[in-house]
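Each of the next two complexes has subunit A plus one more chain, namely subunit B in the first and subunit C in the second.
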Partner chain A sequence: MVGIVSYGSYIPRWRIKVEEIARVWGEDAEDIKSGLFIYSKSVPGPDEDTATISVEALRNAMNRKSVKDVGAVYVGSESHPYAVKPTSTIVAEAMGFTPEITAADYEFACKAGTAAMQSVMGMVESGMIKNGIAIGADTSQGAPGDALEYSAAAGGTAFIIGNDNTIADIKRTYSVTTDTPDFWRREGQDYPRHGGRFTGEPAYFRHVTSVAKKIMELMGTKPEDYTYAVFHQPNGKFPTRAARMLGFKESQIKQGLIVPYIGNTYSGSMITGLSAILDIAKPEDRILAVSFGSGAGSDGFHIEITKNMEDYRRENAKAVWKQIESGKYIDYAIYTKFKKKIKMGD
Partner chain B sequence: MTIPRYWREFQHRYRLIGTKCPKCGRIYFPPREVCPYCHRESIGKMQKVEIKNTGKVYSYTVIHQDVPDFKFLKPYLFIIAEMDSGVKVSGQLVDVSPEDVRIGMPVRISFRRIREEDRAGIIEYGYKFIPDE
Partner chain C sequence: MRDVYIIGIGQTKYGEHWEKSLRALVVEAGLKAIEDANIYSKEIQAIFGGNMSAGSTIYQDNIGSLISDFSGLSVNRIPAMRIENGSASGGAAVHAGFVSVASGFYDTVLVGGVEKLTDVSMEDQAEIVSGEVDQEWELFNGGTLAGLQALMARRYMHEYGAKREEIAMLPVLSHEHGSENPYAHFRNRIKVEDVINATMVADPLTMLDMAPASDGAAVLILASEEKVRQIKPEVKIKISGSAMSSDFMSLQSRENLLELKAVRDSTEKALKMSKSDIKRVKIVETHDSSSIMGLLILEEIGLFPKGKAGKYLEEGYGHKDSRVAINTSGGLKAKGHPMGATGIGQIVESVIQLRGKAEKRQVHNADMALAINVAGTGSASISHVLEVV
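The block that comes next holds the complex of A and B.
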């Protein structure tokens, strides 16, 4: 059965606290923290981007299990380093997969990584390739002073997907897609815009909950049948509320809810939460995982951990929560330098 | 650096591919076409070898000079690392403050942006060191 053969995540080391951003913009940090359920976010170093994060995440996956026969590399992101020139070619070259491989970049706001997963699943199931790689990674942008600046973060996760020796079988995937203008960035613009409260009910909640409900209907399962659930995490409030609406308990979502400490890693968001769950999951555990990408759509996955997890070398790469804990805080001035928000002279 | 040169050096810049002399077993990084000990006996016989990505700080220096390509990283650390395979590799050490580095500190290779031609030019990637603790 098609599933995850190996996985790895990478979160940049730098962090900025909500208090520090609020101090600069004259806002009430306590209000923001309770409103968004975010305390800090990850910040990429000045020498990091989606390509470097993707390679580091994939190297972590390969350190856990070295997979030889790789036929595809797809990288999902909304912050590819080049407008024209694929990130996936850089990743494939850095991993030594070139030249006999197919590669492409995906873009679908925060769900480009799960779109890549579904493509690789299809290729594996059809027999076109033996194993393929799906990555979701971002160094997301929030306009200075905008609410997004508190959440737009950096990180990514890579999955090696195949039919043999899977540690987690993907028993079902299901998607919902509509044309919903909740969040966008026009060509040539530095920062995205969003529809404020419109990003909630008609966008995030409608797509996430309908996919979760349909997956449970297709699988004949109920919330209590899952050990863990993980939903896209634009902030801490949305996935917590979606879980409650669907009937999941806090104990089921706690392990995968990483956004309060590292912010929204966009294409890396839900899948890095899933990676945190895989860090501790045991054989026969069931996971419901639902992404969301503005624009808008959701991809859902019913995942079951296999016996192969017992011999899998998780310890060969740093666990997600360990990476979260090893962050180093910077102030807003260093943050603006790292994010290259300062206008430089020629 | 010209685009063709950058492209030619992908293997060692991206994946730490060095060369090994089949006669004496010495490993070289950056890769050498000829072993300086075995000379012509090694010509055309040098083998590609991927250097294991972990090691420790052998020596370091802190650079305060205003190098345009590394302005955003200043002051930055430049180290010689003794890799687990024995070969010494030089490069930047990032994600750590100069006051926290020490000789013998475990490090590993990380894939990073090295420089960009200019705002419209190509982005050059390669290896840097990060703490492995």
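The block that comes next holds the complex of A and C.
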């Protein structure tokens, strides 16, 4: 059965606190923390971008299990370093997979990573390739002073997907897609724009909850049949509320809810939460994972941990929560330098 | 002057209607009102449409024709016009409809109000809503609607020694009543400390002092005595008083920041027309675009002494079981504030109460209601007195 053969995540070590951003803009930090349920976010270092984050995440996956026969590398992101020139070729080359491999970049706001997963699943199931790599990674942008500045973060996760020796089987995937313009960035614009409250009910909640309900209907499962659930995390409030609406308990979502400490890693968001769950999951555990991408759509996955997890070397790479804990805080001045917001002289 | 009756009411739920357009909202409320009146649409002789901001929010003007067309009434070639008076557009439309029937010109008219705010960003909403204060003298200098009302709140506290907690009593009451209204934007109950600790909008007013930006529509069918005799409604509800007054547009032109002369004038005239006085009124819908506005109106119409409205509310006045029930609909704060619909929605609620159909929020022995719809910081006021006859 098609599933996850190995996985790895990477979160840049730099963090900025909500208090620090709020201090600069004269906002009420407590208000933002309780409103968004975000305390800090990750910040990419000056030499980090979506390509380096993807490579780091994939290296962690390969350190846990070295997989040969890789036929495809797909990288999903909304912050590919180049507008024209793929990130996936950089990743494939850095990992030594070139030249006999197919590669492409994906873009679907925050769900490009799961879209890549579904493509690789299809290729594996059809027998076109033996193993494939799906990565979701971002160094997302929030305009200075905008609400997004508190959440737009950096990080990514890589999955090696195949038919053999899977540590987690993906028993079902299901998607919902509509043309819902809740969040967008046009070519040449530095920062995305969003539809304020429109990003909630008609965008995030409608897509996420309908996919979650349909997956449970298709699998004949109920919320209590899952050990863990993880939903896309644009902030802490949305996934917590979606879980409550669907009937999941806090104990089921806690392990995968990473956004309060590292912010929204966009294409890396839900899948890094999933990665945190895989860090502790045991054979026969069931996971419901639902991504969301603005524009808009959701991909859902019913995942079951296999016996292979017992021999799998999770300890060969740093667990997600370990990476979260080892962050270093920077101030807003360093943040603007790292994020290249300062205009340099000639 | 002839008597004017309300024979039909209709409204949408107020709130965020992401999937309904302005025209869909007004048609929904309009069809409900026509059905409620038990008449055929061809019997409607004129349309008065209240709307404040469609030109800015959805770039649609000529709302009268739009309502007429999408209600299927344009084939009858009836007159259909838009009335705009900021937040008081709805009340002004009712007044215009009232005058048209009272004068003997029409027998049956449709008065509809609608607003669609969620098609624009919150920043744009704030600017559009502030369009009802003086652009040149107030808004240009940073005096937004919320900012100006905050000035009034500060002055109120200074002048009368009113406590912040007292001002917060009106939103608490509105939410309590709104929690029982299925058409309300917000149906949660709140406490005084929730109001005080909510996100600051303009010191001392917080988010929970301010009415929300809502989508919604409300419609009334007004009719003459002759028409009412044909229809024979179960409960006969008369508009026994209808008056509109205006005041200086900007705050700085007024002698006293805390006097709402238009409100006093329109209410005195409406009550006089109905040969009644404030003591007889059982239900008041006040225009709580902010807590302070709602309270100042209640004091201006003589319901409570100046500076004391919040204190009275603390003692239980205003509750649906007290002598006078205030904002049984949930008011602008909890039921919502789709500006063009707001004043009409206040009257829809009054009719529901007078018909005895308000279920959990029903006021005992409701026989007379007063609805006050105000623009900006009090530059226009429309008062309607409704009675069961």
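For this structure, a couple of remarks:
As a convention for this text, the second predicted complex is superposed on the first by the 346 of 346 C-alpha atoms of A that agree within 3 Å, B and C clash if a C-alpha of one lies under 4 Å from a C-alpha of the other, contacts with A are read in each partner's own complex, and residues count from 1 in each chain.
Note that in this section a contact is a pair of C-beta atoms (placed from the backbone, for glycine too) under 8 Å apart; a residue touches a chain by one contact, two chains touch by 3 or more.
Treat the numbers as computed from the prediction; the structure is a model and nothing was measured.
Once the complexes are laid over each other on subunit A, subunit B and subunit C both fit without any clash. Legend: residue contacts after superposition of the two complexes on their common chain; A:Glu100 is shown touching neither subunit B nor subunit C.
Comparing subunit B with subunit C, the partner in contact with more residues of subunit A is B. Applying the stated contact rule after C-alpha superposition, one finds that A:Asp179 touches neither subunit B nor subunit C. Of note, the Cα-centre angle with subunit A at its vertex and subunit B and subunit C at its ends comes out at 140 degrees, rounded to the nearest 10.
Looking at the shared chain after the overlay, A:Arg197 reaches subunit C, while subunit B stays out of its contact range. Once the two complexes are laid over each other on the shared chain, residue contacts for A:Asp31 go to subunit C alone; subunit B is not touched.
Within the superposed three-chain model, A:Glu187 lies out of touch with both subunit B and subunit C [touch as defined at top].
Contacts of A:Lys340 after superposition: subunit B is touched, whereas subunit C is not reached.
In the superposition on chain A, contact of A:Val55 is made with subunit B only, not with subunit C.
Taking every C-alpha of subunit B against every C-alpha of subunit C after the fit on chain A, the minimum distance is 33 Å. Touching of subunit A by both subunit B and subunit C, each in its own complex, is seen for no residue at all. On the subunit A side of its complex with subunit C, the touching residues are 28, 31, 35, 195-198, 201-202.
Listing the residues of subunit C that touch subunit A in their complex gives 16, 18-19, 118, 121-122, 199-200. Subunit B makes touch with subunit A in their complex at residues 10, 14-15, 50, 72-73, 94-95, 110-114, 123, 125, 128, 130.
Taken in their complex, subunit A has these residues touching subunit B: 13, 45-49, 51-52, 55-56, 59, 81-82, 90, 93-96, 328, 337-338, 340.
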